[in-house]
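Structures for review follow.
Both of the next two complexes hold chain A, though its partner changes from chain B to chain C.
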Partner chain A sequence: MVKVKIVSWHGVASWTWDAQDDACGICRQDFDGCCPDCKMPGDDCPLIWGTCNHAFHLHCILKWVHAQNPRAQCPMCRRPWDFRAS
Partner chain B sequence: MPYDAARVQKELVEIERDKASGVGIEMKGDNLGHLVGVIKGPESSPYDGGTFKVDIEITPSYPFEPPKMRFITKVWHPNVSSQNGAICLDILKDQWSPALTLKTALLSVQALLSSPEPDDPQDAVVAKQYINEQETFRSTARYWTEAFAKVVNDDDKVTRLVEMGFGEGDVKAALAKCGGDENAALEQLCGGS
Partner chain C sequence: MDITALAVVEGAWNSYLSVLDSEPLPVGTGSQPSPLPFGAELALLGSRGQTELVVAHYTSTLEKAFRRHYLPQFWQRFEGIETENANTHIQSEDELITDRGSVEEALAHGLQELSATVQRHEARVNELAAALSGNGMGFVSDREHPSSQFRTMLSALLVTTAPSTFAGLLQLYFSQRLQDFSHKFNNAAPGEAPQTNEEEDVDRMEGVEGAGGASLALQTLGLEWERRLSAVAQQLRDLALGAVSEEAYTNVLKAKIEARLRQEGANCFEVPVLAPALKWLQAVPMAFLRIILPEDPQSPVGQDTQLIQWQCRLQWLVYETLGSRRTAELFDIIVDYPESGPAVEDLQQCLQNTNHHKQVVASFRAALHRRLLHPGAATNDILTQFVSTIRVLRALDPAGVLLAAVRGPLQRYLRARKDTIRCIVTMLTDDGTGGGGVGGAGGESLLEELGSSGKAEMDDCEGDLDVSGDGAQVDDTAAEEWMPEAVDAEPRRTSRSRWVTDIISMLIAIYGSKELLVNEYRALLAERLLAKEDYATERELRTLELLKLRFGETNMHNCEVMLRDIKDSKRVNENVKTPGMNGALATPDDVQQAKQLKDMDATILSELFWPSLTGAGKEEILSTSLPEKVQKKLDVYASRYHTLKAPRKLKWHPQLGTVKMDLTFDDGRTMTFDVSPLHAVIICKFEEQPEWLAGDLATTLQVSAAVLRNKVVLWVNHGVLMETRSADGGDVLYSMVEYREQLNGSDAGRSIGSQDDVDLRDASDEEQRQRDLVKYDSLVRGLLTNYGALRVDRIHGFLVMMASDNSYDKTVEQLDAVLAHLVRENKLAVDGE
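Showing the complex of A and B:
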């Protein structure tokens, strides 16, 4: 029996958004990347879901919602866009 | 410069990869804001066999605003202006969605060629003819396709003129002198012999 003593260790973790799709339908960048205005993926450029279950970069869908008058539709399914409470 | 150059570049790569779709995009220099779309006329329509060019302007607000599309090639169609090529298509106006792309927009324009909407016309004269004189409409649309949308390359012109009995060298010289105009070259070949 060999005894092994652990002197030090590096923890490595990976993360991914659980979006059921690879890329944002608005900017076409990977969900695990960020929107065209951001540099760092992750909490700085979060995803957001609509009540229709379609996900986008928060920054991308906000631009679309603000550009639509009076009522924005989901870019994917055209249902009225409402943010889903997380 | 478009708002999202990375997205436009991605779209160009995708459309280039899918040659079978019947639509394509050509660059005009290195300006991503101004492109030329290419649409093959749909089969079993009067536009079959034609290649139609579409001027595409991408505004700084793209993809939050639709790309501006207009036919460069003349088209006889109820939803296309026979004067300036303006296209009447809902997804290029209030039904645009940022999830649509240049490719899906061009495919929609191609589908419009197959299925005119005479109740929402861009060209009232063409729409009236489409409703009242289907046969005349089809033959005019067919004629415009032949006259304006056929890409004829120089080899085809040379072959045709050589088949008429002229020498290949004379044919090439005549075509060069007439700037590639087949009929003018033929006249010159006939006049010179």
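Showing the complex of A and C:
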């Protein structure tokens, strides 16, 4: 019987934020893409979750939070916005 | 008038006649004719108004004498001299020797004798005129002067009595003289044989300055040679044979020039021909003309003026001859470009002087259709030729008129080819270092073109935008370089549009938009990057930078992300495989996992930015069919990635990537392969059982039979698997080749495999057609049941309308083929036409 030995396996994968949703509720861009201000997806344009479990591009929600001073609410559910501890 | 006067006149006339009878016209070669013996009578006749009568009578007497006596004598000399090959003699020197003596002898002596006779008679006529007008009554006009009447009579006689061979004879004579001269001229350069090859010829031309070589040649030929030639030419002119002789030497010079151009640079484009030819024109034909043309200072047109006229004519001949030949050869010149640069330069100068642009366009278009734009030519070759054409025509005509006229058919044709865009992208990005189908040289220069033209375009924009300061200066220089539009430019196109002549724009113009090109590049880039195992992207980065210059950052953004992914993958891949990632302490479990992944690598993509990874030609394999140990490693990898990059997760594309594997057979052989995952999965199945029916294997792996067949071929070709018919003759049976002898013994099995390799394409086409048939069979039949009968284009229209999700992607022709198949299966009937 033939013996197959796999010397090396170079696989291809794609990453995803696994956000249970496709697009950011603020900029309507894909989570796995990047916010309108960014060029590079991934590390350069991360996602952030609120305590209400809604996710946004970090840059998008920061802008929103700054605009909503003093007490920001989640754009989706109107609950007070707090960053979820990871 | 009274009777006595009449008697006197009659007496004078009679005595004139008698004298003329008794002493006829002076024959022979006496140096000075005796004075007219009837001067007194003539004066009387003249004074009585009988001048016209006397002149007419005398002239007709002379005419008779010339017709009967002198001219036959003259023409007789040339009888029997072969003149038919006057022109061909120019070519071969040895043959010339044979009768060159006789021609020259006959012509020189004949002419000398005849002109002596003519001169004597002319002197006589002048005396006659003087005597007639002795009382001071002159002739009203020059034309009435007896000597001019004599000349007219003589030339009429010569022209009418000349034998038909005379023109040829003159031609032969001049061609011999010219041959002598050019031969001596060629020999004038020391140590060089005449008629050498081009290169030496050019050296020689440059070594011996035109006039210097000519005078050297004259010295060797001797003063006598020059004097005789010049005398013959002069005498011909004097005898009113100037027109005939001019025609003769014009022909000779023309033939000589054409012959020279023909032999120079025939099918050889690397050497300039025009400049040496013009130099030679000065040195030989013009010097020759200098001898022949009259140096008479009193002639209305001085020799210099005449020479200048001749020079213009001959130069034009050179431009015209060389130009039309190069025009005919333009296609080959372009094929050889840039080696053929000198030929292009020659043609450019010729065109400048002849304005034969129209002919160039017509002949080149014809050549294109005949030699390039047909199914036999590979798209790559057409594109390469297109690029060279752009370069050459741009050199020929910077205004771009030629190019605008020629590029249309090329672009139209290329548009109709399917693989054009792929070829363009390959040419653009292949810089010759990477392996690839396209020839290195063309690709290399195109990549450079990408850089240079991109910059040029940017400069252009700046110039347009910048109105003040430096911009104004730039505009000034541009204004000075402005050239008027060529006369034969197409008025429909503005000069502005013609200015855009850089190669990339032309290539893009084939499709009219750059999006197609960018997308194709993306697909190609994806293919290349996914095939990489070493994460090296320097070359692609360089290309991308150039493309960004050309197409703008936004258009190339996806590609930029793709390259970033590869770069990041390298880093992440290392991190994932190192125990104690994220600066945490390495737990034993951690070390264990890292060790497991030693033979694992991964390329991690930002999927949104990549072209669709699945779809036509990219077969899916289910992760369930992966070998268990591989699947486990993938899972470990993914979980470690998740730890590293939380909350991000990995999604594997098991059909992509590369696998390196060793196969060890029962007879101890070991073979190493680099294959795709699907290949690997297939062969792994043979570890479980040595024989698989094709259908079973396909079901197990959950791939279609066509895909399986497609992949198995690789193993069959490497002699790892054997393809046979199963015992019941139904399905194909694949079995492991464990012993090499097994393979040699069963050629039959092997031949199926290799044949399949050839038929691979057909097989998948067939598969595709089967799918089409199933898909359209019911649709079309439903349609036809309702409508009875429909034309193909109407069916096509319906299908387009009904397929809301773009699932219908056939052209009318393809639909036609599908329907034809249905007809063959007796499912449909076709009527009419």
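Please note the rule applied: the second predicted complex is superposed on the first by the 79 of 86 C-alpha atoms of A that agree within 3 Å, B and C clash if a C-alpha of one lies under 4 Å from a C-alpha of the other, contacts with A are read in each partner's own complex, and residues count from 1 in each chain.
Everything that follows uses one rule, which is that a contact is a pair of C-beta atoms (placed from the backbone, for glycine too) under 8 Å apart; a residue touches a chain by one contact, two chains touch by 3 or more.
Remember, it's a predicted structure, so these values are computed and weren't measured experimentally.
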- Task: Could you say whether A:Met76 touches chain B, chain C, both of them, or neither, answering first, second, both or neither?
- Result: first
- More residues of chain A are touched by which partner: chain B or chain C? C
- Would you sort A:Leu47 into first (chain B), second (chain C), both or neither based on which partner it touches? second
- Item | First (chain B), second (chain C), both or neither touched by A:Ala85 | neither
- Task: Determine, under the contact definition given at the top, whether A:Arg28 touches first (chain B), second (chain C), both, or neither.
- Result: first
- Once the shared chain is lined up, is A:Trp64 touching chain B (first), chain C (second), both, or neither of them? first
- State whether A:Val2 touches chain B only (first), chain C only (second), both chains, or neither. second
- Message: By the touch definition at the top of the document, which applies to A:Trp15: first (chain B), second (chain C), both, or neither?
- Response: second
- Query: Once the shared chain is lined up, is A:Lys39 touching chain B (first), chain C (second), both, or neither of them?
  - Reply: second
- Item | Doubly contacted residues of chain A, that is, touched by chain B and again by chain C | none
- Show which residues of chain A lie in contact with chain C when the two form their complex. 1-18, 30, 32-33, 39-43, 47, 49, 86
- Task: Within their complex, state which residues of chain A touch chain B.
- Result: 25-29, 36, 60, 63-64, 67, 73, 75-76, 78
- Partner chain A, residues of chain B touching it in the complex: 3-4, 6-7, 10-11, 61, 63-65, 97-99
- Query: In the complex of these two chains, what residues of chain C are touching chain A?
  - Reply: 530, 533, 557, 560-561, 564, 568, 599-610, 613, 627, 629-630, 633-634, 637-638, 641, 645-654, 656-666, 672, 677, 680, 683-684, 686-687, 690, 720, 736, 738
